[in-house]
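The two complexes that follow have chain A in common; it is paired with chain B in the first and with chain C in the second.
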Partner chain A sequence: MDVLLAILTLFGLYGLTTLGMAVIFAATRVVNLAQGDLIMVGAYTAAVLTGPAFGWRVTLALVASAPLLLLIERLLLRRPLADGLATMLVTWGVGMALRQAAELWFTSTSRSVDAPVGGTVTVLGTPYPAYRLVCGLIAVAVIGLVLLAAYRTDWGLTLRAVADNPAMAALLGTDPRRLRTIAFILGGLLAVLAGALYSPLLAVNPTMGFGLLVPVFFGLLLSRPGALGTAAGAALAIAALSVLLRTWLTDVLAEVFFYLIVVAVAALRSRPWIRRYMSWLTRVRVPARAS
Partner chain B sequence: MAHTRSRAGTGILTAAALLVVTGCGGSAISDTGSDSDGPLKIGLIVPLTGPVSSTGKALRNAFELGVEKVNEDGGVNGADVEFVVVDDGGDPATSTQLARRLVQREKVSMLFGTITGDTAEAVTKVADDAKVPFGTAILGDTGQCHPYAWGFGESTRQLLTPTIPALLEKYGKRVAVVGSDYNFPHYYLRVAKEQVKRAGGSVVAEEFSPIGQTDWQPVIKRLKAAKPDVLLAMVVGSDAVSFSQQAKQFGLLSPQLGYDGAPLDSDYYPALNALVNGRTHTVRWTDRLDDPDSRAFVADYRKAYKFKGPMPEVAGNAYFGIQFFLAAAEKAESADGEAINTEIGRLTFDSPLGENTRFAAANHILQADMFQATIKPGGAYEVSRELGRVADTTPMPGCS
Partner chain C sequence: MGPAVRFALLLVLLAAAPFGLSAFAVATLTLGLCNGLFAYGLDLSWGRAGLLSVGHASFFGLGAYAVALSQEHGWPLAVLLAAALAAAVGIAVLVVRIGLASRVPDAPLILLTIGVGLLLQHAANSLTDLTGGTNGLSVSGRGVVSAYYLTLVVVAAVVAVTSVTVVRSRFGARLIAASRNPERAAQAGIDPVRVRTAAFAVGAAVSAVAGALYAPAAGLVSPQVFGLALSTSVLVWLALGGRESTVGPFLGAILITAGAQMLGSTWQGWYVLALAALFVLVVQVAPAGLAGLARPWARGPAVKLPPAAAAPRHRADDTAREGAALALTGIRKSFGPVDVLCGVDLTVEDGRTVCLIGPNGAGKSTLLAVVAGQLAPDAGEVRIFGAEATALPVQDRVRLGVGRMFQIPSVLTALSPADNIRLARLDAPRHVELPAEYDDLAGDETREAGALPLADRRRLELAMVLAGAPRLMLLDEPAAGLGPDDARALVHELKQVSRRTGCALVVVEHDMAIVRELADDVVVLHEGQVIAHGSMDEIAADPAVRQAYLGVS
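The block that comes next holds the complex of A and B.
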């Protein structure tokens, strides 16, 4: 049970961030390298605004970040969008600017945030810190809502259409620019939410998001572009792999095996016969679902 | 079409992952001195950016005040001392490059600084090759000695010799050790094992985790399962904060558990205050030291840098350490690194770090005083016990 709860908590953090990145990638074909730094923005908002209750701080983090994300998208990401690599570098620059700004305003000394819910709860006989459970559950609920929106709403249909074929989607009347703006804001907000929500578990400092990028990238690497469900699934697999390895092995060995396994899976997936087999699976499933 | 796009997407993702995995090292150089041959010139290498930059900045600030004080008192051999500050970002490859540049291009007579053990090791190699002395101010050693490297922070043995018997007596004999996975915490465990055995206890759990750990649950569970009475934590940087917080949330960090190590350093007090209040911590220097020179330094530092919180120990070590180095340079009557290095080995020096402090020839460890500080609410590291001179003359490979 312990292990399942640990996976839930870690999946919440990885899942929100990976899903956010996947939403942005689906709509814009841009890997948002500032995603980790948006986690930092959320965490600092929760750490600095000590007055309001924790729930309000999380809400404030989201409300304050939305215009910032809009500005970043409108001012910096519109022009170089034709070139994916250039845009990726722009997001890298945005991340650096956010880190430096945080260092300038708050120094690089780590801060901590008190958990709004203290104590432990017993889940099927296993005592577990209450707040870890709460933030894991909230994160999973948000991930579920985003997936629901992606697969059961018009907006989600448009997003998937743009992800699949932007030119065709534009010809059929979708405004890809508007969609990209919304996707960037939504994707960024998921990272901000992850940062604010998980701030009581982490050390809040300007570089805190940087280390979280690696598992998130692996999650994105293992998912299919545009298929948000696979991004959430990949994040779950990454969280489970990390927790299980660290339960069975020492942290140092677990890290080695973690990288080995993820790289091996990524390499195997790109083999032509496995790729073909996976595409057959997808083709068989689509008409079955439609019927 | 879908195949091509997906391959391009994978390419971008792989490039992005590589960029993040390899990190982004940077360096900057800010020159405050001149490159003339006349006056003595020091190269200060510190992380002014990156995860340990707050400690790096404290070291730089104190170093600057230390040099300023020597210059106010007439400089070295009748001339003002100059220095060049460079930012290694906490990256050992950058430290090596910058140290070489300082020695070859800036012609510095001595090197000073660095925070993490790996960057110190990188600079040490350059200092040994170039035959210029290199001083560090951070606590801990890795059991290796180098002819041109000198540390003003307490050695691992000086830190643990008074700490472990006191903790074992107060809390119990079962000790667990947790550390970040790099050379210093591993050596810390080795010394801790010796000391615990000597004090009649046993090490019941040892855990190391890569730096930058987000989730400590598996480690905390294993530590908890070992039922320790005392936990020695040498987890550094932001990990010191996340580990302590999560250990508290999982009920490991209770008032019944003895707790000492890096998280109790004053650097982390602003984040961990409630978790460490009331605990005792072994230090070489604290800003509450009752000594006129120390008090004057603290007042100058707070005024110059508008600093309010508890001052990092590294600041005191750097301030008095650089004065030790410059006293040796004065005695050497030369800006030649080798001559200064010889004098550093011979010098005895009075400062708030102790009377007649000197380096042991067998290990280049500063034979100086230690204090037990009790952490009071608000971050006052009050001296609760003077431990006097804590000797560490254990011979180490490289010097003995």
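The block that comes next holds the complex of A and C.
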């Protein structure tokens, strides 16, 4: 049972971040390599402002980083660059700057944040730290809301249209630039939220986001562009894998195996028969969900 | 002044450096050279092979740990270095193979290179008995000046060898094609995956050598050498110095290393922050870096083939012409639940021109892609000049004599038309003299092929295909998008080609006037099957064809 709860908690963290990355990728075709560092930004906001209550700190983190994200998108990502790779490198540079700025202000020693909800709760006979449960539930609720927005609202329809064929979507009257700005801010905010929400569970330091980039990126790679549901599903699978490895193995071995599995899956995915099988799977599943 | 002379002059200048500089400056320069070689290795991978690696420190760290471990445990250095190089090459080949198997290799490559770096860092951290854990291992070096000369000699040797074999060779020309337009490169008989993998692996090995030089120069090897900070730094050095240049990576690395050494530790944090900002700026405003600043004054396109490409080494045209140019039996191809080809049998005799017609969705383009090797059939057999070709990749079919023109002309847009034709000749079985009407393209060294108008680009593509000495040409709607005059000229040229070279042609075409003009035989495809095969008049009278096209019986 506690394994399932641990998966729920970790899924909240990975799911929010992966979903944010998937939203940005859908609208802009850019893998936001600064996504992990946005987690760090959220976590530091929650860690440094010790005055207000925790809920306010999370809200403040979101409010404060929205203009930052707007600025990044307007100033750095607007320019039509030669290729997607160049834009990806820009986000890499942004991440590097964020890490370095954090190191300058807060030094590289880790901080810890007190959980706003202490104690443990008993779920079906298993005691589990209360805040971990709260965190996971809030995150899953937000993920659900975003998915609902993506599949039930006009905005979500536009996002999926732009993800599928930006040129055609522009011809049909959507303003891709506005959508891109909104998507970048929303996607970034999901990462900031994840960082702020999970700050009591993580060691807050400037490079904390980078370690999270691999599972999140991996989730994005396993999902289909524009299909946010698959991104959430991939995040769930990765969270489960990570937790299960950790229960069976020591931390270091678990990490090693995790990377080996990442590499192996990436390698196997490129085999034609597996790709064909997976494309079948998604083709069969998608209409069922869209209806 | 040739590149060899410039290289020698620069080397003399660097060799004289210890006589005029302080010990601190020489030590800094040593470190700068190590970092420069590291960036040069990344350039082979990212710049030349076009495969971004954000974890290149993995390879650097392997070299550094080889030296450190050999000192710490008294193991033979040569064995450890060989092992480090082998590991670097092995990891590089694995990563690139996996990455290139997906259609957009960037994202998998970024993930894999980050993953490999983190994995190695974890290994170095946790194998405390072997590596000293997080504290790392100290490495004793030699005196400042002898360390400098050792570094300089190794760097010069590595750069000289890789320039001659990888950059300025025929391999370098193939690499330029393979990293810019893999599709067209395969049509020129180049295996793009193998060429790019090889270049990336050489880049990884060079970075490992740089790491081995760095270990004694820095005095300490800790798990940080595999780390994110170093992988990011080397990206910054290279982006600032300039990709696809020999001097660029060294320039960027030495400047930034010298800056870091002079500022001292107090300002280090701000320095790195400034570099991050500079990196973002360079990527946006000056993607060619410092080395690229000189380029706008150079004549012609930004990318040129190395001179070695002008002297192709023709392989013997030993495959005998036997059997039909093309023989298809029972070709089937489905996409998911849609059966596009349902058992196509087709024979094209040598020297014939066959036009493939049929309503939209009949499977014409799919059939052409199956013949060219872009799609693998689900069942059936493809024979090209008698040779079994069903499982051969595109470039091997090209070597059997297949040449292909695409619906949208595919040329190397960054190269001049003359270089495009040179490239097509590079792996041709024999030298083909192009007719005089292509002289304007074959002699055009100044424009970029991407700037040519559509009709000229199509002519260039045709010239490239012809330069490859094809015996079976596949054309997908060659007249699409052309005006009536250009289309007529193209059809005339195709007839000339057929008469002059005896090459067989398979043409997908909708325009019946062109079909009537061009075709010896017409093949009608309908719902994935051949329903008629004969002369234009026979086809026009065939009731099955009238049924398929007009719905009358």
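In this text, the second predicted complex is superposed on the first by the 276 of 291 C-alpha atoms of A that agree within 3 Å, B and C clash if a C-alpha of one lies under 4 Å from a C-alpha of the other, contacts with A are read in each partner's own complex, and residues count from 1 in each chain.
By our rule, contacts are C-beta pairs under 8 Å (C-beta built on N, C-alpha and C of every residue); 3 or more make two chains touch, one makes a residue touch a chain.
Please read these numbers as outputs of a predicted model, since none were measured by experiment.
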For the overlay on chain A, clash or fit between chain B and chain C?
clash
Comparing the two partners chain B and chain C, which touches a greater set of residues in chain A:
B
For A:A115, using the defined touch cut-off, is the partner it touches chain B, chain C, both, or neither? Pick first, second, both or neither.
first
Let me test your reading of the model: by the given contact rule, A:M88 touches which partner, first (chain B), second (chain C), both or neither?
both
Which partner chains sit in contact with A:L76 here, chain B, chain C, both or neither? Use first/second/both/neither.
second
Once the shared chain is lined up, is A:L236 touching chain B (first), chain C (second), both, or neither of them?
neither
Check the residue A:A101 against both partner chains and state whether it touches chain B (first), chain C (second), both, or neither.
second
Using the superposition on chain A described above, determine whether A:T9 touches chain B (first), chain C (second), both, or neither.
first
Using the superposition on chain A described above, determine whether A:L202 touches chain B (first), chain C (second), both, or neither.
first
Using the superposition on chain A described above, determine whether A:A227 touches chain B (first), chain C (second), both, or neither.
neither
A:L212 in the overlay: touching chain B, chain C, both, or neither? Say first, second, both or neither.
first
Of the candidate stretches 43-51, 97-105 or 187-195, which in chain B collides with chain C after aligning the structures?
97-105
Chain B and chain C footprints on chain A, overlapping residues:
31, 33, 84-85, 88, 92, 96, 103, 207, 210-211, 213-214, 217-218, 220-221, 252, 255, 266, 270
Would you pull the chain B residues touching chain A in the complex into a rising list?
2-3, 5-6, 8-10, 12-17, 19-21, 24, 49-54, 181, 207-210, 212-215, 217-219, 221, 237-242, 245-246, 249-251, 267-268, 270-272
Seen from chain A, its contact residues with chain B in the complex are 2, 6, 9-10, 13, 25, 29, 31, 33, 84-85, 88, 92, 96, 103, 107-112, 115, 120, 127, 129, 131-132, 164, 200-205, 207-208, 210-214, 217-218, 220-221, 224-225, 242-243, 246-247, 250-252, 255, 266, 270, 275
Using the touch definition up top, name the residues of chain C that touch chain A in the complex.
52, 54, 94, 97-98, 101-102, 106-108, 110-112, 114-116, 118-119, 122-123, 125-126, 228, 232, 235, 239, 269-270, 272-273, 276-277, 279-280, 283-284, 287, 336, 376
Enumerate the contact residues on chain A facing chain C in the complex.
31, 33, 76, 79, 81-82, 84-86, 88-90, 92-94, 96-97, 100-101, 103-104, 207, 210-211, 213-214, 217-218, 220-221, 252, 255-256, 259-260, 262-263, 266-267, 269-272, 279-280, 283
